[in-house]
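Here chain A shows up in two complexes: once beside chain B, once beside chain C.
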Partner chain A sequence: MDISHLTQILLPAHNLRVIYLGVCSLGIAAGMLGCFLLFRKRSLLSDTVGHATLPGVAGGFLLSALLYPGEGKNIFILMLGALVFGWLSVQVVQWMMRHTRLRQDAALAVSLTGFYALGVVLLSVIQKSGLPDSSGLEYYLYGMVASMVQTEAWILCGTAVAATLLTTLLLKELNALCFDEGYAQTQGLPHRWLDETLMTLCLIVAIVGLQTVGLLLIMALFIIPPATARLWTNSLKKTLAISALVGALGSLIGALVSSEVEHMPAGAAIILATSLLFFLSLLIGRRKGLLSRHLEYYAIERRLAENQYLRAVFDGLEAQQQVRLFCGLKFSRKLAMTDFLIRDTLAKRNWTTTKQSAITRSLLKQGLLTLTGTESAALTDKGLNRAIETAKTHRLTEMYLLEHAEVAQKNVHQYVERIEEITTPEIANDLRDLFEERLQQELIPQEPHEVK
Partner chain B sequence: MSSTALEVNHLTVCYEKKPAVWEADMSVPTGSMAGIVGPNGAGKSTFLKAVLGIIPNASGNISFFGQPYKKVKQRVAYVPQRESVDWDYPISAVEVVLMGLYKQVGLFRWVTKEHRKQAEEALDRVGMLPFASRQIGELSGGQQQRVFLARALVQQADLYMMDEPFAGIDATTEKVILGLMQDLKSEGATVLCVHHDLPTVADYFDHLTMLNLSVVASGKMNDVFTKEQLMKCYGGRLELLTKLTDSLAKLEGLKGSPTH
Partner chain C sequence: MTWELLDTWIVATAAMVAVACVLPGCFLYLSRQSMMSHGIAHAVLPGIVIGHLCTGQVETPALFIGAIVAGVICALLTRFLQNHSGVEEGAALGISFTFLFAVGLAMQRLLADDVHIEPSHVLMGNLETAVFNILFTDDLAPEAFWRASVASVINLLFIVIFFKELTFSTFDPNHADTVEARPRLMYYGLMTISALTCVVAFEAVGSILVVAMMILPPAIASFFTKRLKPLIVLSLAFALLSTLIGHLLSISLFGDIAQLLFRLPRSTSTNTAGGITLVLCAFLGLGILWKSISTRLQNHTS
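Here is the complex of A and B:
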């Protein structure tokens, strides 16, 4: 790719700029409205609508050939046909659910396949008839970016503005409708009107975008961006924003690729680009992303290991102090901060040397330990505090299991090892409340079971 | 203020032509703590939803404080069953509570700081203020129920209609909800509650409606919560009744008459 080619992509000619504006608008509108389809659990319904537009497009073509012979296909009649059949498919689904015992998934599948089959039959009729200008019809199936005219781009731009306006002005009403429709109804919010506006707007966007992305894949543009956004955030506003962004970005990349590579259907390129963004988010998304989950797991495991380490240190030092306590002397913080041999302390844990030194290093870095020799260390003030807290929570958990949950003595230890991972500060507080009286007598309770 | 908070006459609700509630009559006096009990599938939730117009009714007259529901919507607060919503929805606890103010905020308007403060106060009342910004899916079942309750509280209604607020919750939440219901009552509000746990019915409520398709009995707790009515409502399922006789005995004890 030479420089002039690059500038061509970055500073496109007027007709290309129109196209990019159009696909971006489509992505924004679909991404934003798609969020509400996802929340209302209408993703599959919208897919049915997408496929069901085929007989509408084919029928519209036949109609325009009949009404205006020789003038080529009239886009508006085609769109009108798509709109009618899209609407019809929803009615069929609702009728089936009301009057038969079919569940929604079956009703959707029947409607989708039935209408699509009708469309395929009509298409074959058109192809046999040899009507002029019928070659462009496959664009409606697979999508075509290059054929976008200025009018279409402006319509798409208008729908994007309308979608943004609707969601901004009625965000709280839409929020109530999606989260808890019954409640929204009792509040006297205009739920029916809102629902219909939302669905109509979705249908309009889908039909205007039909020629760009194709009816087979148009609904993916409504479904994938919000699904991607959900991997990043737990806030409604951010979900909407990210979804719009993903829709726009995917559409733009797809349009670029399809205009660069010959015979590349635009719809497939756009949806593939959007899917790539989805899978990328699946890996690195902040919320439930595989990587972030792995990192979180790793952090928990590490903290658990640190706690086990500190507890081992504390147990060892406590054993040394037992005699003192027996003589009626108080637990001495100063003595608890004397040095210990790392290897001996961790002998009971079957840790590898790598793990031992890794955790030691981590504790040193956090200022919980200080090295006193090549193989010995001592707790710092901060370290001792955390060691005491850890030991206390651990023993309280054991006491709870023994006394309240009636877990057998010999099983307690193995339970607690796992439970420590999930003992949140809240649970620790509850435990402290539960054993409040006993904690007043002794600051740190003794191990309630025999240490092996 | 009208002496009856809710009056239902000849309410019939159908699902695909099969009645789920049939010719139900009942009324709730203002200021009472009213419970609705009945076996599983007796139509308790359906009854509540139909009264609130969430699902259409086939026939019947319903009035709130002597007026049609449309006129007094803001005086009635609804607490739906916890299972009825998608808890994975991207919304925080305080935003759920704010929903109770949406009508007050008004169409095309945004929530202000003042509204947020009101919502936070309601959360504080149910002990959920520390969790205000948590995503609702991260809360425990009892905490979710308390958030729902806060959403109703913020509305400052005169009648609270709750669908099984005590189902599947922890002891703390049960205490909080019960305490709140009593506070509401002492403030003059009326509470109507679908309830599933018969042993606690007599402790929690002073007015009771037994529902099984139709209203079996409705009135003051002492008059309605009897062995005969329970037999009628629960169709003489004995294993349940043995449990009930205990709680009946408790009620008799409260009444002061000799127990059998």
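Here is the complex of A and C:
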């Protein structure tokens, strides 16, 4: 690809610029409105609406051939048809869910296939009637970016602006509607009206975008960007912003690819680009991404293992010297100087040698341990403090479980390991207050159960 | 309207497809996974295209294997996204099947852009062309008919053999787990036969109307009965009845209506698969009406 080609892509001619603007607006509008569909657990409704526009498109084509014979397809009649049938399909779904025994999934499937079948019948009429200019109808199925005319691009822009304005102005109301419908009703919000407005906006965006993305895949623009945003944040405002961004970026990349690669259907290219962003976010997303969750899990594992290590060292020292720690700091020098054999200390933990050496190395790096020989090590002052803290927390928690949660002696060890992750030093201090009388002089209580 | 040999085969093939679809469809409907059939019907496309690319032919087992694998991948991906991306089931399904469908569509257009798997054929289906070759060959029956029959037999066998397990896992997956009825395995088994059915059915009725064949008959039957076995039998009856009526209307009434409505030059026959679905929708309307009348009568007498 030479430079002039690149500039051609980056600085397109005016009509192309308008198209890209329109595609971006489509992504933004669909991304923002899709968030509310996702929150209301109605994502698949957009699927039904998309498919249900087929009879509108086909019927509109036949109607325009009837009204204006010989002038080819009238795009506004087609869109009006699509709008009518899209709206009808939503009404049918809602009516069925309210008044019949059909559940949401079945109502969606029934409405989708019913309207689509009507469309198929009308299409077969078109095919056999021999009306001219019926070839362009295929764009409505698979999408075609280049077929976008300026008017459509401006309509898309307008809807994007309207969607942004509406969501900003009605953020609080929509929030209540999505997350607590009952509350919204008690607050006297015009909840039916809000719902209808939201659905109407979705419908308009879907129908204007129909020719660009195609009626089979338009719904993905309402589903994938919000789902991507959910992987990054919990806040509603940020979700909306990220979703709009993902929608715009995916649509733009898809439109570029489909105009560069021959035969590439625009709908498929846009959805693939958006899916790519989704799967990337699934990997590295901050909130629920697989990678961040693994790292978090790994960090917790590591900290627990370190604590267990230090506790084992502490137990060993305590047993060896037969000391009762009345005041940890007094003995700290002496204890800290005593070295221990790594292998013996960790004998009770069924750790692999790799894990042993990994944790040892991590502790050495943090300056909690010092090596005194090839097989032995000693705690530093800092290490001792942390070991004392850990042992204290651990034993207090065990005492609590034994006396207040009525956990049996033999089980207490596995219980405490399960909640170890959440027992912080602050909780340990609270627990200490609980057992204050008994622990008057001891800084660290004894191991409350027998050590095997 | 004239009834020819071709019409007989169209109805016979449609009936076989209907039987194949209704059997897994009942369980999908009852376990509230109706849209799953829609997802799988879309998701098989990349499998079909890859199968086609590998062998260069249209009618090979590779196509079926590819489609089944793609269908099961769709189900697996949906489960995975549901568990790991924090979105609800519907959205997870929407993501996974649109992604797979877009992959299939792009591959088809870029790599296999020939007449053999025209996507509009996949989406619309055409019973008329599916059975057309019977006129020129000495075969006993059209190939589409045989394939649908085989799929019906496989589905029937699966459901008869695992009837108890399927029932358990459809109505109470947690209980099924405790009595070792393998709800997971049943779920994926159901997805496998659904994918198989989708491939068999797509050339006849199109991948979107497969959903109609799967979900509408049990939905209609659920207005008349609450028991599983009668539901399956009733669904089959409705499906078979609607294939006959649907085709009859398609070659007569629908074309006339279209001619009147849009002032077309002449009356034509319309797409049979679409006609069958419209008849099924009419049955559904009757079902709803029947239910509301019978409840009103009951309230009246009591």
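Here is the rule we go by: the second predicted complex is superposed on the first by the 380 of 452 C-alpha atoms of A that agree within 3 Å, B and C clash if a C-alpha of one lies under 4 Å from a C-alpha of the other, contacts with A are read in each partner's own complex, and residues count from 1 in each chain.
What we mean here is this: contacts are C-beta pairs under 8 Å (C-beta built on N, C-alpha and C of every residue); 3 or more make two chains touch, one makes a residue touch a chain.
From a predicted model like this one, the values you see are computed outputs, not experimental measurements.
Q: Taking chain A as the common reference, can chain B and chain C both be placed on it without clashing, or not? Answer clash or fit.
A: fit
Q: So, does A:105 touch the first partner chain B, the second partner chain C, both, or neither?
A: A:105 contacts chain C only, not chain B.
Q: Which of the two partners, first being chain B and second being chain C, lies in contact with A:275: first, second, both, or neither?
A: second
Q: Going by the touch definition up top, name the partner, chain B or chain C, that contacts more of chain A.
A: Of chain B and chain C, C contacts more residues of chain A.
Q: Taking the superposition on A as described, I'd like to know which of chain B and chain C A:230 touches: first, second, both or neither.
A: Both partners, chain B and chain C.
Q: Is A:28 touching anything from chain B or chain C once the two structures are fitted on A? First, second, both or neither.
A: A:28: touches no partner chain.
Q: Classify the contacts of A:144 with the two partner chains as first (chain B alone), second (chain C alone), both, or neither.
A: It touches nothing on chain B or chain C.
Q: Between chain B and chain C, whom does A:178 touch in the aligned arrangement: first, second, both, or neither?
A: In the superposed model, A:178 contacts chain B only, not chain C.
Q: For the superposed model, what is the least distance in angstrom between any CA atom of chain B and any CA atom of chain C?
A: 8
Q: Could you list which residues of chain A make contact with chain B in one structure and with chain C in the other?
A: 41, 230
Q: Which of the residues in chain A come into contact with chain B in the complex?
A: 39, 41, 169-170, 172-173, 175-176, 178-180, 182-190, 230, 233-236, 238-239
Q: Show which residues of chain B lie in contact with chain A when the two form their complex.
A: 49, 52-54, 70, 73-74, 76, 78, 80, 84-86, 89-92, 95-96, 98-100, 102-103, 105, 107-108, 110-111, 135, 151
Q: In their complex, what parts of chain A are in touch with chain C?
A: Touch residues, chain A against chain C: 38, 41-44, 46-47, 51, 62-63, 65-66, 99-103, 105-106, 108-110, 112-114, 116-125, 128-130, 138, 141-142, 216-217, 219-220, 223-224, 226-227, 230-231, 261, 263-265, 267-269, 271-272, 275, 278, 282, 287-288, 290.
Q: Which residues of chain C touch chain A once you look at their complex with the stated criterion?
A: Listed in rising order, the residues of chain C that touch chain A are 29, 32-35, 37-38, 42, 81, 84-88, 90-91, 93-95, 98-99, 101-103, 105-106, 109-110, 113, 119-120, 123-124, 206, 208-209, 211-212, 215-216, 219, 222-223, 250, 254-255, 258, 261-265, 268-271, 273-278, 281, 284, 288, 291.
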